[in-house]
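What follows is a pair of complexes built around subunit A, which joins subunit B in one and subunit C in the other.
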Partner chain A sequence: MATASSARQSQQWVGQPLQRREDSRFLRGTGRYTDDVPHAFALHVAFVRSPIAFGVIRSIEVTRALEIPGVVAVLTSADLGHPSLTGFLDRDEFVTTSMPILAHERVRFVGEPIAIVVATDRYIAEDAVEAVACEIDELTAIVTMDDQVPSQIPIHDAAPDGVLVDLRMFTDDELEGVLAASPLVVDETFRSGRLQAAPMEGRGALAEWIDRDDQLVVTVSTQLPHQVRTGIAQALGLVERQVRVIVPDVGGGFGFKAVLGREEVAVAAAARILGRPVRWAEDRLESLTASFQGREQEYTVRAGFTEDGVLTGLAADIRCNVGAYSAFPFTCGLEPIMAATEFLGVYKVPRYASRSRGIASNKPPSNAYRGVSRPQIVMVMEGLMDRAADRLGIDRVEIRRRNTIRPEDFPYTGPNGITYEPGSYLEALELCAAQVQQLGWWQRREEAAPGFIRGIGIANFSERNAYGTATMGLRRMPMTPGFEVAHLTMDASGDVTLTSGTCSAGQGHETTFAQIVADRLGIAPDRIKLRQGDTDLTSFGWGTFAGRSLVIGGGAAAVAARKLATQLKEVAAYLLSVSADDIELSNGNATVRVSGESMSIDDIAKTVHFRSHLLPAREEYLLESHGSADPSGMFSNGCHAALVEIDAGTGAVCVLDYLVVEDCGVIVNPLVVDGQVRGGIAQGIGSTLYEEAEYSSDGQPLAGSFMSYLVPTAAEMPPIAIHHLETPCYQTETGVKGMGEAGTIGAPAVILSALNDALRSRGAWLEHVPVTPADMQQLLALPIETESS
Partner chain B sequence: MKPASFEYHRATTVSEALTFVNELGEDAKFIAGGQSLVPMMNFRLARPTALIDIMHIPKLNSIYRDGDSLIVGALTRHRTLELTTDASVVEGFALLSSAARWIGHTPIRTRGTIGGSLVHADASAEWCMMARLFDAQMTLEGPRGRRTVSSGDWFQGMFSTAADFNELLVEIQFISPRRYGALAEFARRHGDFALAAVAVAFDVVDDRLCNVGIVIGGVEGIPVRASEAETLLEGASLGAVDVEGAARSAAAGVEPMESEPGEAAYRRHLVDTLTRRAIHDALATRVQ
Partner chain C sequence: MSESCEITLTVNGVRHQVSVEPRRTLADVLRIDLGLTGTHVGCEHGICGACTVLMDDQPVRACLVFGVQADGSSIRTVEGLAANGELTDLQQAFSRHHALQCGFCTPGFLMLAEGYLAETPAPDRVAVREMVSANLCRCTGYQGIVDAIVDVAEQRFHERPI
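Let's look at the complex of A and B:
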């Protein structure tokens, strides 16, 4: 809770644009990623993968592969003892299915691992992969959510209709009546394409059984060290202590690594069985086609509006193509639950009902991807606003203004049962609209060259983040994330080691956590070292995802720092013969407020360690503390605007300019916040105009490299101006709200809004992403509707 | 994504390269900058048993003028051509430098070679288009000695040329200079292979267009000349160039590849747009 004392907390470091401590090694190539961790004796792995989307395995013939010099083993599911991972939700509407570590009996997507080849190097391993002969009876692939093949076996026997989860979390008996009575009902279907998070570093693992510790040590590129430990232990029949997960630098996660992949478990299993160190680095083909994907969703919505453009009610039917398996630990319920729960965003919707389904297909399983369903629901809500504004002849900003939750409404509880803490929803919208005006965008909109059309989009949205135990508990997972525990130790030279169960995937934890702790201890951030990503060195934690690290992990660090500060003050008070309340910690010193007498914190540390006889006898020695945090979850918010131009000659879309107003509460480091916003927008623009993990009708992946999976480059990025608002969070000691996903969430909605603005004169309307130039050209080729027609 | 095993041989002269290929046979492959071959090997789409590295043959990296012709050694890097703008060398071929800028990204251009691009024969490759536009003559060295193939005969189909496996492309002679020209391309992202590209070049005599060349890349399996559109523009007076007509004619004349429904129609539309833009841009180079 924000207390008077924390409000008084001096903020010498929090708020400073400190260069990230991580940058030096990341930018100079001296970081250490999983595949950089040296091991002189490690064997290398390649996976035999299914060439077809759906089929029944008849036989796997490995003899020829084993004859290749350098091949150590070829292991199938049977050789591993048929291990599997099961993501589980304790809900009747959820069909429990397991994901075998290696395909057993059936293959369910192209690229699914069937066998693990272990060899002296990756080249030989790939030669051996070619020598393994799999006999598979091919079945008809289920590719889209509308594919049905009743004449054959289903993807999972437990789900004959292919529906893995079917949630009706929100119902309202009066909604239909309200819609029927509404002067306007906007009835639309929105779609979004399948995506891949495409981090620079793919997944990877290095596993070795260490007899001395009776322990399997697994170095792995993940966002969830402790959940990976749990999953590997469960799959291999070990207890938690017998698995140590070490996470070195991670080259991007974006939710793609908020999961335990089957390959990582297979590598661990092979190391255990062979008694030799084994390593695997996912290559780009594997990463794009055989890992985790997400975002293939369809929303059929009906929204009622009054003549004044005020929402009366909303009914949503949400379908998510979750792929062939339910991922561990967050399950295939992740996207449908998120979409249904947080659909309403920053708007007041009096009545709401939704059905949300996760539907199986013969594609790689879906998992969290930065924003999880929020990019879609915001795109849908903003699309509804634009559509209603057009139909009712109301200005697009004005209709948003009329529906946005207002300052006096907080704390506001929506029909989704969520209570929203204060945010700057209306202020962000007004500031964004004013900036668009001030920057002359409306003029620029009219200044397109012949053959080009321009449009302006606006998207007002929130980003729920830092889901604590109370909120996660509602999902009914047997593993309920939420809290974090931080440990602080000050050593004899006065330097501090902080450990956290969160785990950086390339963000700025080492910098920002240190800023928070530094203010509380009165020392410089460079004296504080964050250790993370080692299950033997840190407390149990829930890793990094959904904007939780700085809020919950950083919040726990703040609590621990406050306690450590108390210890320092007590020692200083004793040595200076004053009361601890009279001591202030700042600039590396413990100072008596009244007299100005002081001693250095370094000296206090030295005394505590080396000259403990100068201090009174006590229960706790040394300078160590721990802190916990578990807020229920909160909403950051923001408003984006974009100016886009369509080239009618090619159908190409160029984002000319981009504007962001964001509010993530107290900003610890503006450089990190702006970096997160920009990176998120790049991914959001990618998902709107460039990226799609496309599949042929028989389930073959069509995007197997960066020549066909089009991640935007710097050249495709618009200039981005960022404005900050600050509504401090009252749930945490730091006032911080999470903000890692906001850019990704706002961008698709705002780009689509801008495109629809541009297309209005052509009588065209878009409600899917990605929008390709070919799509656009086709739209523009349509006969133009005129006012009179 | 690791290649199947292969032998590696380094040649330092043309004759050494030819000796290697003679010994190693059809499954060996010359490698220059490797910008296309290496990815194909990593995907195991190409599985040469041996690579003969010709990158260290010093004499093949050259650009010089010979009368009206521009003669470019096969190992000349894209980047070198991009940076060669000296009028005494490239007069009549100024478009080559701006075309080079469309090739991938700088690191690719510093490594990839013009000869490698022409032998790989991607229909959207800028050098393949330029070869057609400026009537290049490709000089090959092989077991039967030296021979020259005109650009019209060079491209035999997608990724297929008139060169035999044991022949080495050593030199490219661009023989038809044209004072004005432009290349218009469309790709999804900067640096990607073009979905369609149109190059236009011409001279102007007595305020009339002559020697009009129009080449369309990335649309059919090989780069093609839009001969009807060329005829339409030939002799047109500067004040009355039928840009729309030429664009329509170029678009009508192509038979675009189609791997998904609607793709052919879209590519045809792009040809129309890009032809218009290329002609406009080429005319604009005259004004400058």
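Let's look at the complex of A and C:
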């Protein structure tokens, strides 16, 4: 099986910190993002958006806008034929609702698109937006998960109580009894604030109908080229072949682009209707307030512990504010399902029950954001550990040690029905704790200057990723993601083109995929060019999200490369009159193991293309192969520690130092892995201390620019030291596990743990993020108790 | 809408005459009128710095400068860095230190750092970190960016003509 071949595989390139091949164009400014794609004749779009959170549309008056010179069209939902997107789950507990491409009858959040203005220039389009008059009867906005206005129409008629999904996936009749009998029950409510992924490049689209190809060609900034194709085809009544989705360079995704937005569909519809090319580039206000958000969640948990700090059982009531619509294709069930299913993390919890709801509000829809619910569940589990440790007088590392799934427990099946493959859960915890000791953090904790207090946090966690069809099928989406197919073609010069349905947004796939293929073909990685992001060029695939690309897409590439290597060996064997088993591919040559006789792979390629008469008749001509991969999904794991300092006067928090132990299986490129870890932590720190997409009580967004939505800068980032452990994955030929989300997942838990450590002397306890300076000042006003650690 | 104005600006050593509306930003002049799309716009309100270019050797936010304000000036953009084809020491250091992932913010950081290093030849790490905090990157966590700039500053300082 897979493991055997990965053990045999010589690894000249995998594991090397190769500089990325995509860097050159990005450094020269010749990378091409959606809004950089030149088009001499494209018209420009701006959207008329709702100024209020909830209301009934009475009229939309566009005449004045149409009179502005340069305005080509102003289209409403009716003009487009009322297209919509429906992201749903085939479950009884799920209420299906649709998201109209342009608001129809009702507006449900501030910023919701009502009409699309098409003009010769973006400036003119924005002038025209001002000239469109919308009459809307305002209703009372539902902003928080506790808002209820029974006297008015609900957000969606199909969900009168506002609950769009209500899952009880895990029940346990014995749990209440177990909790009642537990010496300690930690009963807490944790909350996390609403966030925006804020990639530096917003969304964008450029659409044109090409009659010759009978195709709508849509260039779009997305992580999901094929799902975007499906959604656009469905919404506009086309067959899949009639939509070609092209994804150029993507300026960051983070889940924010693992979705099909209504604006992209509206742009495509306008291009189809007008018969002219149309483009749109999202501005930052739209991105922050009118696209997709996530993470506004609340966890009410009761966790039972023995006197020794061993978990006896856990009951969780989880609520996610999913906003006004169910996003396509991952639905508003995404956060609730993820939270309920993966709640228990690295810990052995004998009994578990949960209820998990998605509740509608008059805010933009929620969608995936790096880590999806895992930052919250890790924050909750680690918070419970810290709380129980305090109550029972047990060391914080020790209580984790007592509950962590141990090496001898693997394969371990939890009460959530998930079977965990081997990971270094305990080893990561021990290494992290030892590092904290060795680096003198406990000493530094005591050395805070007068007026400052310090704390150390620790968080041990796992991250499930690379979900294949077997696992995704349990969610019951109408389209079940999971597999990937890779194609390899060696051309007459001996260079290789690899295609994949995954889609990089900065992860460096062009480099890492090439490293995997290079080892198997015995050629240098710079001879291998990865093509992604074009539905006409690549096989159907599921895109990039949830740490899947290098695992599944790279896994498929490895299989294809193994097959292509066999083809090369067969040709070489014939030309050198030996058996294919005697041939080895390395350093650009096919070499006979015993005699050392060899020929270059370039020559093999040339012969196969130009001089095939020298070869015996073959069933398949040329040098082409394909491979597939569909692992069920695996767990990476890690342990983070942070040293933080609080200014007792201002309440300002500074993260002084940060330590990571991570295990993502076989590392293909350490530069890339470390980059993902550090970047992820920056986002995690942002969500813990700075970022929040806040709303007023009437549903007006309060964070509409980078002056109010505070993405961390270099000044807020601590130095981050990273240690690697390597527990190879069983499920793929490469041994790789996903790792793109771990940084973001661990950071909130570890920072909160550190703040609570610092605040222990005040008897204070935090269980929400983001933690603001105002929160801190309030807590710091509490009287100081006697110091203990 | 108002009348267009004729402006002249030198970009990466090449003179251009463009007719622009007074409200048109320098970023749009560069990107749309001159086709120099290496300069990116990430916020259009002066915070992210993705649009940073050098205007008469000073880093400016091209989204906050109107084209008409740049009349008569000399602009350097990211496209002007590797003018002879080979990546500059700073660009190479960015790649070596993995100071970029999606690359969207990269042109802004490169121009910011070039402008800064021209005036501050021997900065320490703290100063570099503070300068880097002028721009936003959502991918890297900044450590590679700081490392790359510190590395090049040292290298340039040691190789400076005495």
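The rule we apply is simple: the second predicted complex is superposed on the first by the 777 of 789 C-alpha atoms of A that agree within 3 Å, B and C clash if a C-alpha of one lies under 4 Å from a C-alpha of the other, contacts with A are read in each partner's own complex, and residues count from 1 in each chain.
Basically, contacts are C-beta pairs under 8 Å (C-beta built on N, C-alpha and C of every residue); 3 or more make two chains touch, one makes a residue touch a chain.
Treat the numbers as computed from the prediction; the structure is a model and nothing was measured.
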item: Partner chain in contact with A:283 - subunit B first, subunit C second, else both or neither; value: both
item: Contacts of A:371 with subunit B and subunit C, given as first, second, both or neither; value: neither
item: Subunit A: partner with more touched residues, subunit B or subunit C; value: C
item: Subunit B versus subunit C as contact partner of A:126, first or second or both or neither; value: first
item: First, second, both or neither for A:422, with subunit B first and subunit C second; value: neither
item: Contacts of A:553 with subunit B and subunit C, given as first, second, both or neither; value: neither
item: Which superposed partner A:28 touches (first subunit B, second subunit C, both, neither); value: second
item: Contacts of A:672 with subunit B and subunit C, given as first, second, both or neither; value: second
item: Partner chain(s) touched by A:713 [first = subunit B, second = subunit C, both, neither]; value: both
item: Set intersection of subunit A contacts, subunit C complex versus subunit B complex; value: 123, 127, 283-284, 705, 707, 713, 715-716
item: Residues of subunit A that touch subunit C when the two form their complex; value: 19-20, 22-33, 35-36, 38, 69, 123-124, 127, 197-202, 249-252, 254, 283-284, 505-508, 671-672, 674-676, 678-683, 705-707, 711, 713-717, 719-720, 743
item: Residue ranges of subunit C in contact with subunit A within the complex; value: 1, 21, 23-24, 31, 35-45, 47-48, 50, 77-79, 81-82, 87, 91, 94-96, 98, 100-107, 110, 129-130, 132-146
item: Of all residues in subunit A, those that touch subunit B in their complex; value: 122-123, 126-127, 130, 283-285, 649-652, 690, 705, 707, 710, 712-713, 715-716, 772-774, 777-778, 781
item: Subunit A-facing residues of subunit B, complex; value: 1-5, 39, 43-44, 186, 188-193, 195, 262-263, 266, 269-270, 273-274, 276-277
